[in-house]
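Notes for the one structure printed next.
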Amino acid sequence: MSKTNTTASVTFENVRKVYSDDFVAIDGFDATIEDGEFITVVGPSGSGKSTLLRMVAGLEEITGGDVRIGSESIKGVEPQDRGIAMVFQNYALYPHMTVRKNMSYGLRLTTALSEEEIDQRVRETAEMMGIEDQLDDKPANLSGGQQQRVATGRAIVRDPKIFLMDEPLSNLDAKLKVHMRTELQRLQEDLGTTTIYVTHDQHEALTMSDRIIVLNEGELQQFAPPEEVYNTPANRFVADFIGSPAMNFFDVELHGTTLVSDGFEYEIPSSIVDTITTVDTTSDLELGIRPEDITYDASGDNTITAVVEVVEVAGSDNFIHLDIEGSECRVRVSGGLKPTVGEEVQIAFDPADIHLFNAAGENLLAGLSDTAVPEVPTESEEAA
Amino acid sequence: MSKTNTTASVTFENVRKVYSDDFVAIDGFDATIEDGEFITVVGPSGSGKSTLLRMVAGLEEITGGDVRIGSESIKGVEPQDRGIAMVFQNYALYPHMTVRKNMSYGLRLTTALSEEEIDQRVRETAEMMGIEDQLDDKPANLSGGQQQRVATGRAIVRDPKIFLMDEPLSNLDAKLKVHMRTELQRLQEDLGTTTIYVTHDQHEALTMSDRIIVLNEGELQQFAPPEEVYNTPANRFVADFIGSPAMNFFDVELHGTTLVSDGFEYEIPSSIVDTITTVDTTSDLELGIRPEDITYDASGDNTITAVVEVVEVAGSDNFIHLDIEGSECRVRVSGGLKPTVGEEVQIAFDPADIHLFNAAGENLLAGLSDTAVPEVPTESEEAA
Amino acid sequence: MAQSTQQTDADGSGLDRSKSMTREWIAGATFSLPYILIAGTFLFGPLVLALYMSLHDWNALAPAQSQFIGFENYQILLSDPDFWNALWNTFYFVFLTVPPIIIGSLLLALGVNRDVKGKWLLRTIFFSPYVLTVAVVGLLWTELFNASGLIPYHLGGGNWLTSPELAMPGIAVATIWWQLAFNFIILLAARQNVPDRLYEAAKLDGASTGQMMRHITIPQMRNPLVFVVIVTFVNSFQVFGQPFIMTDGGPTFSTTTIVLYLYETAFTGREFGYAAAVGYVLFMILIAISATNYYFLAGDDQ
Amino acid sequence: TGFVGGSSDGIEYWTLFSGGDGEVMKSMVNEINDDYDFQINRQRVPWDEHYRRLYTSMVGGNPPDIAVMHSRMMNEYQDNLVSVTDEIGTEPYLTDVAQGGMVDGEQLAVPIDTHPLGLYYNKEIFEEAGLDPEKPPNTPDRFHEAAAAIIENTDYYAFDFPEGEYHAETMWMLLHGRGGKVLTDDYEPAFDTPDGRAVVQEMHDWVHEREWAPVDPTAGWEAWNRGELGMKIEGTWHVTIVREAGFEFGMTKPFVMPGADNPVTIGDSHTLIIPQSEERDRKRLENAIETIRLLSQQFNDRWGRNAGHLPASKAALKSDSLRTSNTWEQTLGVFHDMVNNDQFIRPPATPNVEEYTEAIYQPLDDMRAGNISPDEMIKTAVNGVEQAFNRR
Amino acid sequence: MSTESSILGNVSLSSDRLRTIALYVGLYGTAGLFLIPYWYMFATSLMTRELVYSEVPHLIPWDLTLYWYDYLLTSSLVVQWTGNTIILAGITTLVVILVDAMIAYSLTRLDWPGRRVIFGVIVASFMVPGIINLVPVYIIVSELGLVNSIWGVVLPSAANPLGVFMLVQFFKDLPEELEEAARLDGFSRLRIFTHIVLPLMRSALAALGLFIFIWTWNSFVWPLLILQSESMYTLPIGLVTLQENMGVTEPGVIMTSAVIASVPLLIVFLVMQKQLVRAVEMQGTTK
């Protein structure tokens, strides 16, 4: 990879990865990551997130298709020559070397820098990461957060065009995780380095990234900014995977402008009906609605009757588990509200908040919502 | 423990536990758990939760004080004769025995039941737990949730007067945890067995229990129903420990009816002032306010100016980290709101929502809030 | 950097793949080469040579003059009373040593695992014979068993090692003292690996100490136990140094074990081909014993 | 020297001598090294391991240049030894002894000594038992009397005899005295005869009937060393050991078997051999032969004087230095007498020497330990000897 | 619960105590028996000749002498033998560790065809009784001209299947990410092996090394066959040559030589017991 190639965009072209046991881990993956973007890859365990990252890093062979950094294919390029740096889940710090050696090793082996230059770069990076006092410690003597910083520092010091991070925060406890999250985010904004960040924590994905890649079973589900993924999931999988507690789903059929399920009927506006009726069948639909979009104890038309089953007190909010003729439905209510179990209640929700999926799981309202939520994309730096 | 003693209340009387290395794990613990109650014990790691439970179980000796089940002391009673059953964090299933043998082992050893009776009881319990198909499997072949069910089933089958559970769900992943939580809760409601449930997850504690015991460093901090613990924490420790994200704290001094901190001033009603001024000093106070009790972008009097530092997108909600002249403050806002970093904003909060702690950490408004929140205790079954 | 040439073969995915695979193969082969060479030369080569020798009337001083005789050595062996005597002695020795070593080491391991004072001291004492060479063990116990030695003085029986009844038990005692250590350490570690929580659960289930032993400890330690049983069997079957030093097979060949017999036919009798045949028979017996043990002890798992 | 150097210069010479005779051999070799223009690397190999090592070294093709060998062991090696008939010959040596190195008219081994068995006795105990310490028990009757007197008049054991290999040699010696044999010429056991049974019975009775000797040979050895045992059958080499024990001793002919018309002593001899080797050049071979000549002739009187063995060289035997030595007076005179008077036999070199010897001494040891009867002993030994020759 | 159960409680308490007493008696009694041979060895080595040869065995050397030690140290090559043994055991240990670590690394961390088969063969070779091979190995070693050379002793034991087996278990636990991080840092395989794997596996290698060291120190038959000159002997062989004096045994010499042969190892044992325990445990967990 010649140094003149400074554009650090990453292009995946029909990438395929088959492990030696004929297991297809990534299939037909296409995506283009712009220079400077912070991209998060989410998906359930085993969906191929690490595989994707490791192919970019050169730790796994690419079975089919191609990956390009800038305009040049990475095939045949040695890992250390790809201009990438990686942060591992368990940091992969060399336990027997000091922080200083951990950070300088790669430089010493792959660059022609003098000892002084290396030392200076290590020191600058350590200062940036706030670990200058730990330079002579061994990793085992550092706290989790400090280890994380060293791992990140080791990546930064090599001045890569692309950062690859595989669940870099998952070994930290909850509080530290939040802290390091913002730290990493700031850092990336300062450095402007293209970053691919793997996580299975949807929280991290929503918080940190310019755009999110949602993977499932090796296939790309959606590649969009966080709000879009949250508000306009491309399909049922994304809708279910993103959001906590998860979206409620109900099997429904469309009769005229009414969605009919086993336990309730719900009127929808004709604008939505128009969109839907372009599909083959209207009898095998799924209605999705997020717990926070449901109004508890509503009155008026178009409400649904439900019975309180369990009340989960969670401090700031309570979650009410409702039973709608056999289907379960979760509703988020404010912390003060604590109904008695067995109580009957009316709920309602705004048709603008509903999601509708066909039998194949596609979001039938995706186009509609897109226009209905014009503020997407917001402040992502796609154009950088 | 004679069988005629059917009341399954548990009384701790000045209980003390000193480990052989002179480490005081529990000190002067007093509490009474009523028959049929679901009690959760929470506290940070090392606070003595497991120790407390294990003393009841008979796995640790009681160094001082006494524990009574019903009216009789458990001292000198063999564990298997105490009428208790325990579910361990990692289940402690016998790996080399089938599920059936795991469940029947205790019955076979301690009761005079015939093989058929034992078998029937095991089968009934397994059906209740939904593991009847796994009866002939070994634990290693079960999923985490199934193992959890077996462990619970093994406790239930012995028909104990008291369930002891030590972090029974902590080995499950997040989704399964929520599921098993409601399952356990329902089960306990059906069986009505007194339950002492140890967890370090405040979420579980708030959701599941009739009353919560908050422990810290071996000492009882608060013993009250969930809402009371959340709304009227006995002290700063409880306030900080319960609630996520945690409460915001500010060092303040009281000047007249104004709370003065480094970064802001805040007027409080005189009713509160009256309560406070009974204490020694009013210069060393701490003001606490939960992120969800803060109004973002407020106007009018008594507002505080802050600068947006980080925006955490979490789907349904966003969390804004604000900087108030050096102090950090988190605010929960709705998912749609996404301010720019660096923006200046006004925030406000209702004096009814504030908490005030003295230097010793005591909640100065505890009595006040108690009256302000009359619905406590609500539906807990204390009187059963 | 300098990869411009490789950039061009964008379509050469197969090429790229095989190149990097080949590199890993070469690295793998290079790292294994020393071992493979050495093992081939000094372990497997000789094994084949031994088999070849066992099919010959081997003339060691002039190998070229050796005669191929097929399985005759094996046939002779089967009708050789000395072989059967040695085999019988070996089984007797196995019988005398294996159960005490296993049961003894298990008991000591369980005992030391308890919360006793001086655990470290006890472990050190029980483990220490492990570092002794067989020469020292043999000579030491020869002195102890000597007619004027400590053991006959206190227990009677004259010189144990010259009595046909007591010679083998004497060797067995020395062996037990010496070999217990290894098993003891393994079983101690195995016992310490059994999670405490299982005992706590069993305690709540009302199990007595004996029941915990039978229902938790033994099943939980099964794999190490199987290992220890097999290793003890294999070692006892190959016993050589102790009778070699302590009795030289006597009195009247009552302590001549199979390996001692092999050694003597090879180096005293100079019947290398025949000795190789004895070796191969021993090899088969060891495999059979290990397989049987494994089958009976570990067989019903899964 | 040591580990790193190795040792390939000079003549490799393997001996099995240790203790007293080891020291003597060492000083002889040192002297040769000092006085001659070649070097000898003397290697002392443990007694038990000597032949195994020698054989395996020949198998491996790197034998020493010279090795010590008992003449009875020759059979296995005779095809692979260098003949020295022309260079040395049998002339300088006692005829009988030199014959041990001859195979088909070729001289394959050169003797340095012979080391027969004798009867050592403790003069102090003799005195205590009322016996004349200067009248050695050199006939069966005198032996019997002496033993009875010691048992009668002292608290000591009367007698002891060796275990192991020399146990078998002792039996052979006694048997031969009665005209018997251990093996026929066809290597069949020849001791299941009235004479054989008598000998075995006698050996049994020493211990179990008359209780002259302790059951445990180690106890006997220790008692002898403490000066608490009257008489002991031992070889020539024993003189260097018994001198250390600190009591007055004498030695006589071991004619202890009643009814032996032609009593003999038995003794193998140490010989020197040159294993064939392709690696050895002419010069080296010559040096090796020279070494053998020196050890078996020039230095041979010293070997007798200091190591206690009866020298094989006629010249050495006649030399003044030997004749006037202490050793000659204490033991060698008697041994020489027996050799001169045809009261001496050599165990012949047969195949499987070690095996059939073991087949005899194991049951003998067993019988002494009281485990089997004389009849059982003979039966076991007959089987064992047959087995030793039949296996192949 | 009533008085009944509290009586029961007392009974169980005292039976607990009885059990504890039995446990202590059993363990310390056995430990005492275990120590007797050592005591006898040390005591005899310090006894005068009279005591050694006395009719009843003595446990207390009331008449002390260093005669036997003096005798052994001055009239034998004991010191040199000790040196030889240390050198031999040291070199063998290093070679075994290097060779075994290399193949263990290749078996666990490199993907090449046939490695499974090779690992299986190595595991199986564990079962081969060494004695079968004694003669053929000797023939091969002498063909290679290694007789009477230290390498003739070292090489035949250099490929140690047990060592491979133990190290494979350990290398498996080394996080793969470390190696990947190193590859991204531009390490070659060799460099990964020498700079990452070996340093990180130090304690496992130390445990294995100690095990091999003791094993080599104690080996008898093979060095005896290969080392033909007295000045090259190892301690165990040398000591056996000492007590062979035409079938004469001197208990004083025997026990003293036993002391000299075992004391160095007993000291190593006391100092490094932890590593040794670990090495043994490693074997126990291999199945």
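Which chain is which? They are A, B, C, D and E, in the order written, and residues in each are numbered from 1.
Just so we're on the same page, a contact is a pair of C-beta atoms (placed from the backbone, for glycine too) under 8 Å apart; a residue touches a chain by one contact, two chains touch by 3 or more.
Because the structure is a prediction, the values reported are computed rather than measured.
Among the inter-chain contacts, the highest number of C-beta pairs connects C-E.
Set against the C-alpha centre of chain A, every other chain centre is closer than that of D. For the pair chain A and chain D, the distance between C-alpha centroids works out to 93 Å. Chain geometry summary: the mean Cα position of chain C and that of chain E are 14 Å apart. Inter-chain centre distance (chain B to chain E, centres taken as mean C-alpha positions): 54 Å.
Looking at chain B, residues 78, 81 sit in touch with two or more other chains. For chain E, residues touching at least two other chains, in rising order: 54-55, 135, 139, 141, 240. For chain D, the set of residues touching two or more other chains reads 52, 56, 59, 218, 222. By the touch criterion given at the top, residues 175, 177-178, 180-187, 196, 199-200, 202 of chain E touch chain A in their complex. Contact residues of chain D toward chain E in the complex are 1-4, 6-7, 12, 14, 18-21, 41, 43-49, 52-53, 56-57, 59-62, 64, 162, 164-166, 218, 221-223, 225-226, 235, 237, 241. Chain E makes touch with chain C in their complex at residues 19, 23-24, 26-28, 30-31, 34-38, 40-41, 44, 54-57, 59, 98-100, 102-103, 105-107, 110-113, 115, 118, 122, 125, 127-129, 131-137, 139-141, 155-156, 158-159, 161, 164, 189, 193, 214, 217-218, 220, 236, 239-240, 243, 251, 254-255, 257-258, 261-262, 265-266, 268-270, 273, 276-277, 280-281, 283-287.
Interface residues of chain C, counted against chain D in their complex, comprise 57, 60-62, 76, 80-82, 146-148, 158-159, 162-165, 249-253, 264-265, 267-271, 274. Remark: chain A residues 174, 178, 181-182, 185-186, 202-203, 206-207, 226-227, 230, 242-245, 290-292, 310, 312-317, 321, 332, 335, 338, 340-341, 378-379 touch chain B in the complex.
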